[in-house]
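Note that the chains are named A, B and C in the order they appear, and that numbering of residues resets to 1 at the start of each chain.
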Amino acid sequence: MTALLEVSGVSVTFDGFRAINNLSFEIGNAELRAIIGPNGAGKTTFMDIVTGKTRPDQGSVTFGERSIPLIGMNESRIAREGIGRKFQRPTVFEDQTVEANLILALKANRSPWRVLFWRPKAADLERVKELAQEVGLGEHLHRKSGELSHGQKQWLEIAMLLAQEPRLLLVDEPAAGMTPAEREQTTDLLVSLARTRAVVVVEHDMEFIRRLNCRVTVLHEGSVLAEGSLDHVTRDPQVIAVYLGRG
Amino acid sequence: MRLTALLVAALTWLAPLPALAQEAAAIVAENRDMIEKPSRQTIGPVISAIAVSGDPMADDILSAWADKRLVIRKSDDAMFLAAPEGDGFALTDLDGSTAGNAAKGDFTELKPNAGVRGLIETALVQFTLSDPDPARRTAALTSIARDPTPEALEPLRASLATEEDPALKAQKERLERFLTLRFDPDPAARVTAIESLAGDISLDTRGALNPLVATTRAAFAGDPAGNVARTLAVGRDLTEAEAYDLLVAANLAPARLTLEEQRAALAANIVDGFVGGIPVAELNMQAARDRAYTALEAAGTVPSAATDDEAKAALAAHRFFEVFVEPDATVTTAATATLASIDRKVAAMQAADLGLDALSLAAIYFLAAIGLAITFGVMGVINMAHGEFITIGAYTGFVVQLYVPDYTLSILIALPLAFAVTFAAGVAMERLVIRHLYKRPLETLLATFGISIALQQILKNVFGTQARPLTAPGWLDGALTFNDVVSISYIRIAIFVLALIFLGFFLYLMKRTRLGLEVRAVTQNPAMAASMGINPDRINMLTFGLGSGIAGIAGVAIGLYAKVTSEMGADYIVQSFMTVVVGGVGNVWGTLAGSTMIGSLQKVIEFLNPSNTLAAQTYMILFIILFIQFRPRGIIALRGRAAGD
Amino acid sequence: MTRSFFARNPSALIFIAFLALFTLAVTLMSEGLGAGLISTSFVKTLGKTLCLCLVALAMDLIWGYAGILSLGHMAFFALGGYMIGMWLMYARTEEIVVAALSQGGLPATPEEVQQGIATQIFGVVGSSDLPAIWSFAHSLPLQLILALAVPGLLALVFGWLAFRSRVTGVYLSILTQAMTLALALYLFQNDSGLRGNNGLSGLQNLPGLGQTSQDLISIWFFWASALALALGYLTLNWVVSGKFGSVIRAIRDDEARVRFLGYPVETYKLFVFTLTALIAALAGVLYYPQAGIINPAELAPIASIYLAVWVAIGGRGRLYGAVIGAAFVSLLSSLFTSGRLPDIPLGPVSLNWVDWWLVLLGLAFVAVTLLAPKGIGGLFDRFQGVIPPDRKGAPLGPDDGSLQEQEAQQ
């Protein structure tokens, strides 16, 4: 079993509308994967299922070496298993400082009692500082994150994901609202992250995906339409018809 | 029983008399001594004889006697019927001829005591039962039904044949059966009468049958005497203490010493700090007190009382039974069977009645909650002052009735006026407060609570704390009665109709009008609706006004059958919230389902535990908390992406 | 972290110092131990106010920090009061009954004492048996355990049911209100075993202290209340200043995001709900012996709403705000409803404060919600020159309880 995450035969229906239809998907350790697809192809729903927000009607989702079934677990349990998710819109805790945000995300025991008696050790603060510097927020540790710019919040969120040390990272449209320079920085970051863990990127921007230089999965109407290198899928006539053709 | 015996005696005594031939006057003459000094024990036959004599004067003589108008002339002991006229009496002979006037002083009035008068009244019944005036006949029937006696049975039967009014005749036949099943000397006739009542669920039937199956508990040393209903096992059907009390009551065992008596006896025998050789200080345990008492018993200073062992032996030596008061087993068996069949039917009827009650309660909750559901569904705003809007509506009705005395007209004015007043209040509240708090539902909740506190106190200050009446028109008085079990008051029917009208109105408004379309659009996706050119501000204002206006109408409706106080709205607010929570928001059908469920549930719980309406509400709320576990978004919930979870 | 707790939380130091000074001043002016400048009944009022401040702290933790508007915390408060009231009433009645029975010449048996107590306590509701829930009423330690265990368990069970089904926002508020109402209605029954609407009374008489004057007892309770408030404040300050506080504020602002960070949100909510219920119960245990009487009206949902009103007026999301709000509003309330303020003549009618105080409070509350969401605490910010960033009024998080821009403080 080499796959880190294995999704097989998953279907989900909203009020008669089949958002995901018999979807199967696999990703191995330390792999970078891009998912593309037209609106309504089920990209977000796919991420919702993996992170436990939506419960599928049928099918199975397993994770890790011991193939732990994820269906039936709640969001926080799945997150503790090592799946991190970055939302399209930056969601940081705006009422709290950058430092507090990062401490929240830092890998540690999450149970209330342990958190209640948790006090930061020097190593923790050092790690927080390091992460902040990595995303260019070293100067802003004690500012309220609500005051940060949109891009800074994106970076803060990425830093929080890193602090979580997930084994699988789900990233929803990371390039949205970023300057070209930031995009480049982001691609570099994602590629380097994928050396040590699995990363799934949902993206519309073809240029961005090309730069990631990874396997691409095309979703359409809730199931996988094509899979392979970007060049391979862009040549696929079906993909051209449903997705690229509409351009 | 004694009365029955008396009647039988009277009949046998009368038998040798040439009944119809003899004139009442003659009977009176024959029994002068008894009539002048009547005794309840012995006068019965005489009264019966007069009553059955067939003499037209019998009625008058007996009435006069009972009314203390039978007088005796002091000079010659002649007996007359007297009617007061001026200072004296107008006299009538016992055979009916007038006998002129005379001064009161010349006469002695016969004054029969209450017991005798009662006997005379009963004898008179047969005359009133055949009285030409139907009203008097009805009155006689009512009086017999209220206080049935064996004596009434014969006259009642006699009057049946001559009764011409079909309604009265039916009533008489019914009463005859009730009397037969209780008093007829022939068990077979009683059983027939009992069985003829099978399935009759009216209250008086059950009232007539129940005494037949009344039981008492009794203890017997050997085989039980009487008509045994069932055997009682000590420990299961009755406690040992109860069983022993039965033995004591039947003089089958000596009374046991109560703890108080023991204490008093011991306290009375304290000698130098010791009682029966035990120091007083140690008598703070029951065992020590028992030992002290036994010591005193042995010394003979206190009477001996049954010990535990003796009591146990006495219990073991006796058997305990529930015995029917009615001695005849065939009668009790028939009555038990008939009552069982009636109970089954009554249970079915009660279920129907419960259904009606539940429906009417559901209608009230629907009216109270629909406004709340609409504002919550469209705006996500919980209006805690909704209850006060209900109260304002009711007070509007009250004020209208102060100026418009005609109740029908005043209600017709009050309904639209209450709507207008609360609509205006709702719009004002939306503009002044709620508009500024959108997307902050918890703050809205609290701000509307502030308004609720203030409004309630203002209403209390203006209208006072005492309940104000809101009188329903006369044509809404009374109830639609199907039988003694199933009935529903017209007011509740009216509220039900009102709720139906509003349901229809809402469905029309939401599905067929532009406003409804816009409201639905804002409910489902406010941002999208706004970009389609719908002004959400206006929709919110109108929705809030509409929701509040309906609360006002609900207030008038509720005020019609409940008292109007400044706190009446608050009594409904929690139920309304529960209705919304259970039903799901933003949907008229959800509110309907929620109110039906809450209404039925409340009625069912009240039925299962009728003594305790407070507990009913507690259990209902507990149920709802559990219900939320299974359907967190209510019975009819928005689903899919629209739910926005 | 090398800095001490107080260095990091200067407001806690100020608060404790102020509370200590206040306690000292009241003691010196009391009838029991001081100059007698303030009456015993006023000392009791102040002691009760301190207890109310303690519940307000609990309310602030659950609402101001965790964003859960519970309308049920006064129920936990009253339940605590009922539990301690059971012991007070039982033990006090026991003294009376034993004294009465020993007049008869014989010492009373336990059964007689039990029977006497039952008749004495439950005569008003037409019963003479001691209900099973009074089984532990003879023992102070057991009843004290119950005073925390019963509200705690209720909060645990109710919270588990409510949070498990992910009921949030106004739904949850309504549900807690329903719970409070159900409890109040239950206690209103005569056969609830707690004397129906008569409630428990005579709680100010401490068993075994019949000779001690109320002047002294009131001061003792005042001290106990002040100590409880101080400890409560420090505990909660410690709770909210650490990572735990950070987590619950994050839950308030964006619950879903906290879940994706791996925190079991429901467990945290349950933890906070139960913890605050325990604090509320503790406050109730201290409050009702000073009030002397408790009845089911104390559990009415409106009481919990007043609690929210205090916290909102004081300024939620900061502990001292809750204390200030509770003290300010409840003292003002007892002043206005005391009937000692003169009526204000307004032409033909006169304004009676007893009648119009609630109107004033309701409207003031609406005004605070609308115009000053930070409450009285906002004044401190202005004093310190804290100006929140201007973000055009956007909410700080998507959840129902989340802070709004204008409430955000440093």
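The criterion applied here is as follows: a residue touches a chain if its C-beta (ideal position, glycine included) is under 8 Å from a C-beta of that chain, and two chains touch if they have at least 3 such contacts.
Note that the structure is a prediction, hence the values are computed from the model and not measured.
Distance from per-chain Cα centroids to the pooled protein Cα centroid is smallest for C.
On a Cα centroid basis, the chain most remote from subunit A in this structure is B. Centre-to-centre spacing of subunit B and subunit C amounts to 43 Å, using the average Cα coordinate of each chain.
Note: centroid distance subunit A to subunit B, computed from Cα atoms, is 69 Å. Multi-chain contact residues of subunit C (touching two or more other chains): none found. Of all residues in subunit C, only 1, 239, 242-244, 246-247, 249-250, 253-254, 256-268, 271, 389, 391, 396-397, 403, 408, 410 touch subunit A in the complex they form. On the subunit B side of its complex with subunit C, the touching residues are 259, 263, 266-267, 270, 275, 280-281, 283-286, 289, 376, 380, 382, 433, 436-437, 439-443, 445-447, 449-458, 460-461, 574, 577-578, 581, 612, 614-615, 617-618, 621-622, 624-626, 628-629, 632, 645. Per the touch definition, subunit C reaches subunit B in the complex via residues 63, 67, 69, 104-112, 158, 161-162, 164-167, 169-171, 173-175, 177-179, 181-183, 185-186, 188-189, 191, 301-302, 305, 308-309, 312, 355-356, 358-366, 369-370, 373, 395, 400-401, 404. Residues of subunit A that touch subunit C in their complex: 51, 53, 74-77, 79-80, 84-85, 87, 91, 93-96, 100, 103-105, 110-112, 115-116, 118-120, 144, 146-147, 160, 164.
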